[in-house]
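Labels run A, B, C, D and E following the written order; every chain starts at residue 1.
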Amino acid sequence: MSARGAPSYSPYSGIEERVMQEDGAGPASRSVLGADSRRQDGRLPEECRPAFLQVGTVSRAAGSAYAEFASTKVLVAVYGPRESRKAAAYSDTSRLTCDVKLAAFATKSRGKYGQGTAERELSDLLHKALVSAVRLDTFPKASVDVFALVLESGGADLAVVVTAASLALADAGIEMLDMVAATSLSLVGGHLLVDPAASEERAQDGNVLVALMPARNEVTQMHLAGAWPDTHAAQAIELCLDGCHKLDGEMRACLREHAATANGS
Amino acid sequence: MLQSSGQGDGPSTSGSEQASSYVGQIVAPGDIVLDLTQAGKLVRIGGGLQQDGTSLVVTKAGRLRHTKPSKYWVEGSQRRYVPAVEDVVVGVVVERYAEHLVIDIGGPVTALLPALAFEGATRRNKPNLNIGDSVYARVTSTSRDTEPTLACHDASGRAAGFGPLAKGYLFQCSTGLARTLLSRPTCAVLEALGGGLSFELAVGMNGKVWVDAASAAITVLVANAIINSEFLSPTQAKIMVKSLLKQVQQP
Amino acid sequence: MSSQGSLRKDGRTFNQLRGMVCDRGLLHRADGSAKWSQDGTSVLVGVYGPKNMPPKREDPEKAVLEVLWKPKSGIQGPEEREAEIILRRTLEAVVLAPLFPRAGISVVVQVIHDDGSLLSCAINAACAALVDAGIPMTGLLASVTIALAKRDDGAGGGAHLQLDPTREEQDGAQATVCLALETTPKAATSNGSVEGEAVVTSTTRGAMAIEEYLEALDRCRMASRTINAFARLSLDKAQRRLELPGT
Amino acid sequence: MDSQLEAEAFKRIYPEEYFQRFLSEGTRPDGRPLGRARSTTIGFGAVSTADGSALVKIGSTTLLAGIKLEVMTPTAEAPDAGKIAATFEMPPLCSPDARPERRLEETSVVVQQVMNAIESAGLVNTKELLISTGKAAWVAYLDIYCLDADGSLLDAALLAAVAAFADLTLPPVRVNPEGHVLPVLSGAQGGNLRENGDASSEVVTVERRKLTLGAMPWAATIGLYKGHLIVDPTAEEEALLESTVTTILDEAGRLISLFKPGGITAVTTALIQDCVELTRHRARELKQILEESSQEDEDEGDESQ
Amino acid sequence: MPGLSAAELSFLEGGIAQDLRNDGRGREDFRSFSIQLDVISQASGSARVRLGATDILASIKAELGSPPAEFPHLGRLELAVEISPTAGPEFEGRGGEELSAELGKALERSFAGGANGTGAAVDLAALSVVEGKTCWVLYADVLVLNADGNILDASAIGIKAALSNTRIPKVEVLAGEGDEEGELELNDDPDECARVSTAAVPLIVTLTKVGRHYIADATGDEEAQMSSALSVAVNEKGQLCGVTKRGSAGIDPSVISDMLSVARRIGKRLLAKVDAEISLAESRLESET
């Protein structure tokens, strides 16, 4: 991703962090919540960003979805079941492959994820979140390919990718046990901020992600990082589960609406 | 009105057609050598020509040849062999299956040799060929959409010299040279070699040549003599063979 | 109006091609090869095939044509990759690929030296190499590059079109046009009036008026005949040499 | 329903005949006349992490172009100019033909032709990207992503690139004596940030500004099929075409590019003139769409302020 | 895992249901383990941990590097796991790569803390040498020599032990003249070296779900029966420092909260045990020299 020739730099990269450090003495006084206990974008700590969901956005894919959570913008397309490219040994089940990429301009400094390690990790986590929901036993030997592109990284990227990918799988008519909704949360200076924005993630002391099959009430993927006081962790997981259930409603509404317009035309 | 054929001569109706004015000239792809509306009823075309509407168009560079009454082809030298029915070829076994062998004859695609296409072969009794073995065979069919097929017997089912080539040395020459080696009367280089040495030789139209002789030295000599002869006149070839023979006969 | 005495740096007139040299059959391992030079620009092309293709890449309808473009030194950049694709699609216009279903034909292009008009030189070289390999084709191609010199060079009128530009002329030009044209074959029949050699490939660089492009096209058409005549002459010579022992 | 299924089956088994039947009636599978391009939209500023961006849709074909600015040291040959570095990506989500392990060959052609058109038209004066002579200049990284590949990618990619440059804003910066470029922060933010060196030693401060764009290039891809000229082909149509001609014109009617990469039919002078004529029409259309979209964009901007 | 018959598997599962595992342990019991310190002389600190038949080698290497761009006042802790091809037949060739990456990420989640370094296993600010220019980078590498289940928990024990054994050379920053940067002088006299505080280093407790129950410290055979697992990092203060769900099956949220509190309980016991083993190993080491 790097251009040939002389190295270049962005004078604005890392500016927020520097301002933050100059602002106060230490992490404790970080101003994530205003006096009215609202966040920078006006949300309450437990409030999710408004989600815009749309399916059927890529014309030549089997299924696709676009998700926009404020400035986090993700496009996912699903191809398959189709012939598996990897000449793997015969298996009774199909393969689910997940590939997440970040556009070069998606992050504050260009091509920050160009090295691919972050993309590989996101791909891996997406696979873990989805694989238990997809009924891979219904089409032997084939592969279902899920491709996601983060157009703008505005925080909680993985949660949005998982949510959009599950919508795209449903749009492709792939058999699933349930939808998968995912919500993440940042721990910032002792506050629990649901569905964090990128600026909140940069200031976080820890974060949690929960991916849930809402109707079956099963967690397909969960991880937590950072040091969490006892009660906080349980509360954070609760908040995420709550977020997943809310999201589930919006996802189902989006699919219903799409089905209605498709039949109408 | 137009009939495609490989090498064979068949019956042809003749008319009072006018032969192409390009006969004997060097032609290049795209050249229109004959107006078919002006030609007779039946025109036979060989390699390097194609019908395009009412014209006969060249697809390969070379010299335009014509035999009476109305057969045309382009004679050029190309290294890559394109199989034609009744060509004799030398090939190498690359895959083995119960019903057939896959043979590399150096063409655009590999050829098939049915396991029973040998003289007197039965399910129980058929020659055992392994991957890497050489075989001398005849092309029995070519079609755009299937692999060419081979056989190790002539049209009446007799071996006629075809079959596995044990031991020996296999080398590649141009298809032009292979044609010279197969031509009648016997070409100068083979005649000269045959006069002084005894060896076995199988030449394929595909440019693969197999030689076997009592000693490795003679095998190598024959192979070198053949390769060297490509751009020599008959007289030059005879002199070249003579000097080579001297070298081996000296000690 | 006149371009009297306004010769180019290398002494050519504006409408003059550089000296061409074409050697065929240089590569013994290849099924066909040709080295084509236009003075300082020189390209060597080897053709392999029709040959077996791995089943994954074969096409059941026709031979797959692949082009590998090797720059003079170093590794392929985006420009070379683009040239590779343009060259491949250009050759597809004349190669009779449907005659060899499932097979492959590789064209390997080695740039020896680039002194301008490189793509044209490569197209001419590839075409000669395909002929040398005996690959069936519907006809021959001729490629010409032409440069539109900047007007402030003082050359008036139509004199600012420089045929077969050197690298220096090319870099200093307001625009360049590279065309690959069908050639008029020898014909036993006259197919009525021909509109002029049709354009198989066109790439341009820089801005120009439509009329300038059309004029460039006419000039290239004229030049393509010279190239075609030369290609046939060189083919004749090569063919005679091959036939020497027989005659 | 049955007849629809039948039509679908016919299309899959005999795509050529299916296509020809439409053409013989002067129309196309999607109902367009041969000479009409698909409806086209431009969305400016689609990505806030980019310094300039645009989302372009031509029918289903969707491209997102983003420009990010970084500072470089100008080259010795051009000490007073910045540069543009472009990439074109076809991630595997855009088409069933794009697979992660394999790069589609279109990508190399599109990026080269987009850059060629931008340079040939003189859209961007790279001297405007200068911050401080010999010391610092902007390099504009133009990354174009194909989000839905449904034909005529070059047309859409060029439109997205032009629109992204129209959307581009150069941020305010200052340069310290060592030639290092520093951000200029607004109001409260800036006040608290420790200054690197005192203010008097600064050489230059560059205001936030837009680029003055030169001639805009407009592209139209025209497919050739059995003597028909098919404007703005879809992916389905492209698979059947004999060859394509992409003509790029600027508003003054200058020819910026005439790109015909081989293919199995050759074109005559008359056909080239037809392509140019069709492109003239399309260029007027595209110019209007860009102007209207940017007007809307400004109106929205005014409202939100 | 090959080699276990259906009967063996059901026996194993039945035992777990009755809180009596094949090796006699209850569901929440760890296998006995041993720690050996300072096993690699070139490393800044190292430890070998044997947990049942699982055998790992943890090493810490301190090197001078550059601090993270966004946080110039911090040092860095880099974690990686490598599984030796000899650790088991399934790790031959490139077989171990996927698991290595997964375990590496799980360790990172548990030890690296938040983006700004709060909650990290070691005090990253203490690793800073020259703000924005130079800092210590601690490379913590785990090499798995033999795998018989629960590699992750063993790795965490190994890293904690290796960190307790780590000595970081003293660095003096010599004042530079004018604008010039000061030079660094390293002093690796063992007496002058700094030690790393391991009080905040967490341990990991992986609870593996087999059937309806979950067990601590699963063996290789037991892991083959796993439907899913939860790896929970716990520190001295009883804080959760990282949770990673593994395995593909979903888990009910209420089960997750049960598992978290059980892990915290087991973790507390384990921390005390590991601390005791480390001091034992330290005294052994001292008596040797």
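Definition applied: contacts are C-beta pairs under 8 Å (C-beta built on N, C-alpha and C of every residue); 3 or more make two chains touch, one makes a residue touch a chain.
Since the structure is predicted, the reported quantities are computational estimates derived from the model, not experimental observations.
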Contact distance in steps, from subunit A to subunit C: 2
Smallest count of steps, each to a touching chain, taking subunit A to subunit D: 1
Chain whose average C-alpha position is farthest from subunit A's own: B
Centre-most chain [mean C-alpha coordinates]: D
Farthest chain relative to subunit D (centres taken as mean CA coordinates): B
Approximate Å spacing (C-alpha centroids) for the pair subunit B, subunit D: 56
Chain centre separation in whole Å, for subunit C relative to subunit B (CA means): 33
Separation of subunit A from subunit B, taking each centre as the mean of its C-alpha atoms, in whole Å: 66
Topology of the chain contact graph, where touching chains are joined (line, ring, star, complete, other): line
Each pair of chains that touches, named by its two labels: A-D, A-E, B-C, C-D
Subunit C residues within the subunit B interface of the complex: 30-32, 49-52, 60, 63, 94, 96, 98-103, 131-140, 183, 185-189, 231-232, 235-236, 239-240, 242-246
Touching residues (chain side subunit E, partner subunit A) in the complex: 69-71, 73, 101-102, 105, 108-110, 112-116, 118-119, 200, 202, 230, 235, 237-245, 248-253, 256-257, 260, 264
Of all residues in subunit A, those that touch subunit D in their complex: 1, 3, 5-12, 15, 18-19, 22-23, 57-61, 64, 71, 73, 75-77, 79, 82, 85, 99, 101, 103-108, 110-111, 145, 147-149, 151-154
Subunit B residues touching subunit C - in the complex, by the definition given at the top: 20-22, 26-35, 48, 50, 54-63, 76-80, 82, 104, 107-110, 144-145, 176, 180, 229-234, 236-237
Interface residues, subunit C side, partner subunit D - complex: 78-79, 81-82, 85-93, 175, 177, 180-182, 195-196, 198-210, 212-214, 217
